[in-house]
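Note that the chains are named A, B, C and D in the order they appear, and that numbering of residues resets to 1 at the start of each chain.
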Amino acid sequence: MTNATEDGALQRLYDDFAAANLKPLWTEIGNLMPEFPEPAAQPWHWAWADLLPLAERAGDLVPVGRGGERRAIALANPGLGGRPYATPTLWAAIQYLGVGEVAPAHRHSQGAFRFVVQGEGVWTVVNGDPVPMRAGDLLLTPSMFWHGHHHASDVAMAWLDGLDIPLVQRLDAGFFEYGDDGIEDKSTPQRSRSERLWAYPGRRPLSALSDSPNSPLLAYRWAETDASLTAQLELEDEGSPGVFEPGHAAIRFTNPTTGRDALPTIRTEMHRLRPGAASSTRRTVGSAVWQVFRGSGTAELAERRFRLTEGDLITVPSWAPLRFEAETQLDLFTFSDHRIYEALYLDREEIVDEARR
Amino acid sequence: MTNATEDGALQRLYDDFAAANLKPLWTEIGNLMPEFPEPAAQPWHWAWADLLPLAERAGDLVPVGRGGERRAIALANPGLGGRPYATPTLWAAIQYLGVGEVAPAHRHSQGAFRFVVQGEGVWTVVNGDPVPMRAGDLLLTPSMFWHGHHHASDVAMAWLDGLDIPLVQRLDAGFFEYGDDGIEDKSTPQRSRSERLWAYPGRRPLSALSDSPNSPLLAYRWAETDASLTAQLELEDEGSPGVFEPGHAAIRFTNPTTGRDALPTIRTEMHRLRPGAASSTRRTVGSAVWQVFRGSGTAELAERRFRLTEGDLITVPSWAPLRFEAETQLDLFTFSDHRIYEALYLDREEIVDEARR
Amino acid sequence: MTNATEDGALQRLYDDFAAANLKPLWTEIGNLMPEFPEPAAQPWHWAWADLLPLAERAGDLVPVGRGGERRAIALANPGLGGRPYATPTLWAAIQYLGVGEVAPAHRHSQGAFRFVVQGEGVWTVVNGDPVPMRAGDLLLTPSMFWHGHHHASDVAMAWLDGLDIPLVQRLDAGFFEYGDDGIEDKSTPQRSRSERLWAYPGRRPLSALSDSPNSPLLAYRWAETDASLTAQLELEDEGSPGVFEPGHAAIRFTNPTTGRDALPTIRTEMHRLRPGAASSTRRTVGSAVWQVFRGSGTAELAERRFRLTEGDLITVPSWAPLRFEAETQLDLFTFSDHRIYEALYLDREEIVDEARR
Amino acid sequence: MTNATEDGALQRLYDDFAAANLKPLWTEIGNLMPEFPEPAAQPWHWAWADLLPLAERAGDLVPVGRGGERRAIALANPGLGGRPYATPTLWAAIQYLGVGEVAPAHRHSQGAFRFVVQGEGVWTVVNGDPVPMRAGDLLLTPSMFWHGHHHASDVAMAWLDGLDIPLVQRLDAGFFEYGDDGIEDKSTPQRSRSERLWAYPGRRPLSALSDSPNSPLLAYRWAETDASLTAQLELEDEGSPGVFEPGHAAIRFTNPTTGRDALPTIRTEMHRLRPGAASSTRRTVGSAVWQVFRGSGTAELAERRFRLTEGDLITVPSWAPLRFEAETQLDLFTFSDHRIYEALYLDREEIVDEARR
């Protein structure tokens, strides 16, 4: 065959592939199977100082109720085509609830949590259990648990919502059901029933010996999270083990029935760096969102550098090197999809540059 | 505010959202969180009679070697935007290797298997272990195992490749390494070393007591698969338990170190229906590909009905009801992503209409 | 053969069996393989009013130190041939330590805990971590953890020691090592380092993501145990789930890295009955020891009935029906070997008579 | 106090301890908690040449039937006080069944297996499934599975029975039920139904996706055991991994639903040494029984040395160093309690002297 004949034959073959809904590997293997992850998602930064006013304007203009369901404003990673995805698997949004407002009950296969940067006064009612929300608390609404919120205080409240919406959408695994339009139980107890049963370290109710994939403890209060981080740093001062790395305390929120992640698709952690401390530079397969709870510092993420203050959020794409430096004491909440990779044996992590004392 | 003012304010809010890389939930919740899975992937059918000639033409026109790596032609589900994805998580391709050809060694984090519809004569060399490929065999090349192929017989050969490429791409978890351009060990043993160590039911080498996520048994030969299905139907004839449902024998390929799926991201199974038998109508969260190994029949899939003969393939989107009817004895190979859903506690299955004797 | 000839032949056979170190099954199968467990151990009761004075006399007469190692006085179940075994698997002893005394450090493969009925002032130093002991606390000294005790207060102290000595002896699995004769760290902190790292419900240090068979939390304080039981009964008052059965709250002490028993061979639990409440009558394969922590009541155990007051102990043989009745609020600590049966798939339990409201 | 007064006071204290069913630790700690295991069981040897004639004489003199249940003659370790215990946890017996005889059906919580040194012609009917018994086969009758035997051939047959009777007796966990006096199904198929469902490596019936603690595969045939050992030695000849140590092939019998031991309380393995090869000298916590299946050699066990020929048995106490030397090719079956120690985290093993090529 001449080259021209061959080219023609090849073109006809490719046309026939297309007509038959086929695609050759050899023309796009580099794109499909890169040598290293080449995420479309970008390292990005959202300032709380920008987010909160926008949420407040939404509070004035957009009612909350059945249909729209929640006044939640999602981070849309600029690399992900305008979709409301913080990363390819994670949804992160600011949810805003005004005084007296009610977000009606529903449930869905997507797992969810709330993390409260500031404020209080909202109760999220999870499977009928009213759970108060306050600054620093992590609140769970696991897959297929009914949940609605109501505001019983006198100042509007905003918090971070994290879900696995992009993952579940990609996996075509979404189920959604509407509950009552209102909230059945508008009582405002200081502790949820889930805490009264489960918030005692190492004491397991004899009535609940079956393991569950989702934590039965639905609220992780700031007081105990703070105490656990404080203790790690004090132990470091005394020369005892405990911190994650020098000057860096960290805990993972876990399910007391298994010791594993509190939610099976979303890892949640709280980190604290001493003033002036820096973390190792790490890269991890999978994506994450970090939010500053208290303090200020800097994130070095891939080739970018973000200044961080209270409430600020960043998105971490897969395999992007990440390092934090604290100016003041820096408390960071993070959620990620890393447990998924562990469950599928796709996890990988590398310390690019180790933290030193 | 007048309506017009309000509309203007709302529009400005939405513009400001967009400028800040934010997206409201309330305008697209139905799309993001549907009541039931609404997969973009379509129920589709590819006839072997179409695929094989195209693969042969590619054999004439496209060399195989480093760069393109493999002469693999992928099913591109028409619902997935022209991407070479059989389903949102699964890659399925016809790979074609001519007499004397060599597919050079590489390895990658994507897990893979080969299933052989017809022919023989190729050896896939997996981590240095030459594994012969013959009709009806399932051959594994797990995540990060080196593998290359060479053809040592006198007739070109085509087979089905299954991988988790779309999943790993979506998760930004892809790592890829090139190996030797040739194949180190071109010997052509009748059995791989992996079989010589592991293909004895319930006998575990004392030198290999650590569990591994991927099966150390790299080849599941047709003779034993066939025998296992035959035995189930004979037991049914005798009134003993064993078949999956009336007239329907089925086995799952498993990892002998754990009893779980042979690969951690791809479930593989072989099914056999008696002539005239029909399966239950089931729907399952997650997607699958089925290929006819032997026989003919019909698949009812969502609103569609496909006539099936040897080598034909269909794609099954999430939650689509599926039912098979056998004309002759019908042997079906299938691979799916269902283990992923189990690992993430997102699995769900429903029998829409139960098979009867 | 005549009967006499046969009898003679049989007798010669049995003699030859004996000479060859053989034993026939058929002459003793009923003893070896009874229809139901026929434990040699007896239901028995030890009164704290008897135990404590004896321990005090031992305090006057017997020094504590290297060699004897501990001033521990063991319950010797009258059915177990005078051996210091509370049950066939469990050791239970009163340990007594005078002001200023030191029990020297050692470690062993036997697992151990302390439960404190009254008093305080002793620190048990576990792998170098000083752990204060106070009334109502459960303190762990797991298998192969170094431990010694010293008394830093001004009143002698007595507590319950529980170990798996009989089990480990029967299994010929005992290893024992001597440590320093004194106690390295005689500091008297209010909390052990293990608590400072682990006593926050659901917060797992990121520095300790590997699971361990023994709980890394070495002290379970009464305040939290008490609060957990109180909460269960309050939830019952409100009509919410939580109690083990009507009027009966109960928790199991668990390992926060797994959610399973705090020790892999000894199950530990705390139970509380409301005044006037009674438990179900249950029988369980395996044996247990119960000690009254606070309150008074009655135990019905097999055919016996024991009146119980503070500090009293009873032993529960396998499969013996057991029921408690509370006069006052009755707080009961128990330890058992039931986890062993679960691990070996020999567990069985039966509710003979269900508790009612 | 004078010494005499003190001695008197101490004696009174000890008397009062005895009266109160108490025992001090300090007078017997060395016995209770030795530095290393001090097993009462002895290293011992039983010659098949002695056992078989005794079993035959029992066959003439003792009928088999309901009441005695089995014509089984147990190894009574001379260190264990005349009890029919091979080791503190294991029962090992020769069972003998004459032509046409029937051992009636029963079931019990004790787990059991048969291993056949020579002969054939008996079917053991396990939960209604007739399982043929032939030389080299391992046959399971797991805890609470109904089982009886009948002899359908023309030569009497003897085999090894292994059970966990001493363990279950010590744990007071024995339950026993009588079944039909005869054997319901006296058919004599060449393969059991359990094999027809499960004896295909890595093919799991879709009808049986729940894991079970006991292997659903009830027969492990010699042909495949032999082939697996042969293959390991051939791989060694080729320079490939596979053998347990130089010249020493070994497999463990495992449960295909989990990859773990075939029975949860009894580990079973088959070992093969090349002519002239020797194993490492190992000691392991826990006890074992070894039986020569084919060949001859020597066992060095603690301070003793036993010459071994076909059918001979030895008992291995806890922590006793053990080494084998093969004269001819030496095939050894072994069963042990080591899984129990793993389940309880009491396992420990030491290579005293490593095998060399």
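Heads up, the rule we're going with is that a residue touches a chain if its C-beta (ideal position, glycine included) is under 8 Å from a C-beta of that chain, and two chains touch if they have at least 3 such contacts.
This structure is a prediction, so every number in the text was calculated from the model and none was measured.
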Original post:
For chain D, which other chain has the most distant CA centre?
Top reply: A
Subject >> Averaged-CA centre spacing for the pair chain C and chain B, given as whole angstrom >> reply: 52
Original post:
Where the centres are mean C-alpha positions, what is the separation of chain B from chain D, in Å?
Top reply: 43
Original post:
What positions in chain D touch 2 or more of the other chains?
Top reply: none
Original post:
Chain adjacency by touch: line, ring, star, complete or other shape?
Top reply: ring
Original post:
Pairwise, which chains touch?
Top reply: A-B, A-C, B-D, C-D
Subject >> chain C to chain A touching residues, read off their complex >> reply: 193, 196-207, 209, 211, 215, 217, 220, 224-225, 227-228, 231-232, 234-235, 240-244, 250-259, 262, 269-271
**OP:** Flag every residue of chain A that touches chain B in the complex, lowest number first.
**Re:** 6, 9-10, 13, 16-17, 20-29, 32-39, 41, 44, 46, 50-51, 54, 57-58, 61-62, 67-78, 82-84, 88-89, 93, 108-110, 143, 165, 168-177, 213-214, 264-265, 285-287, 317-319, 337, 340-341, 343-346, 348
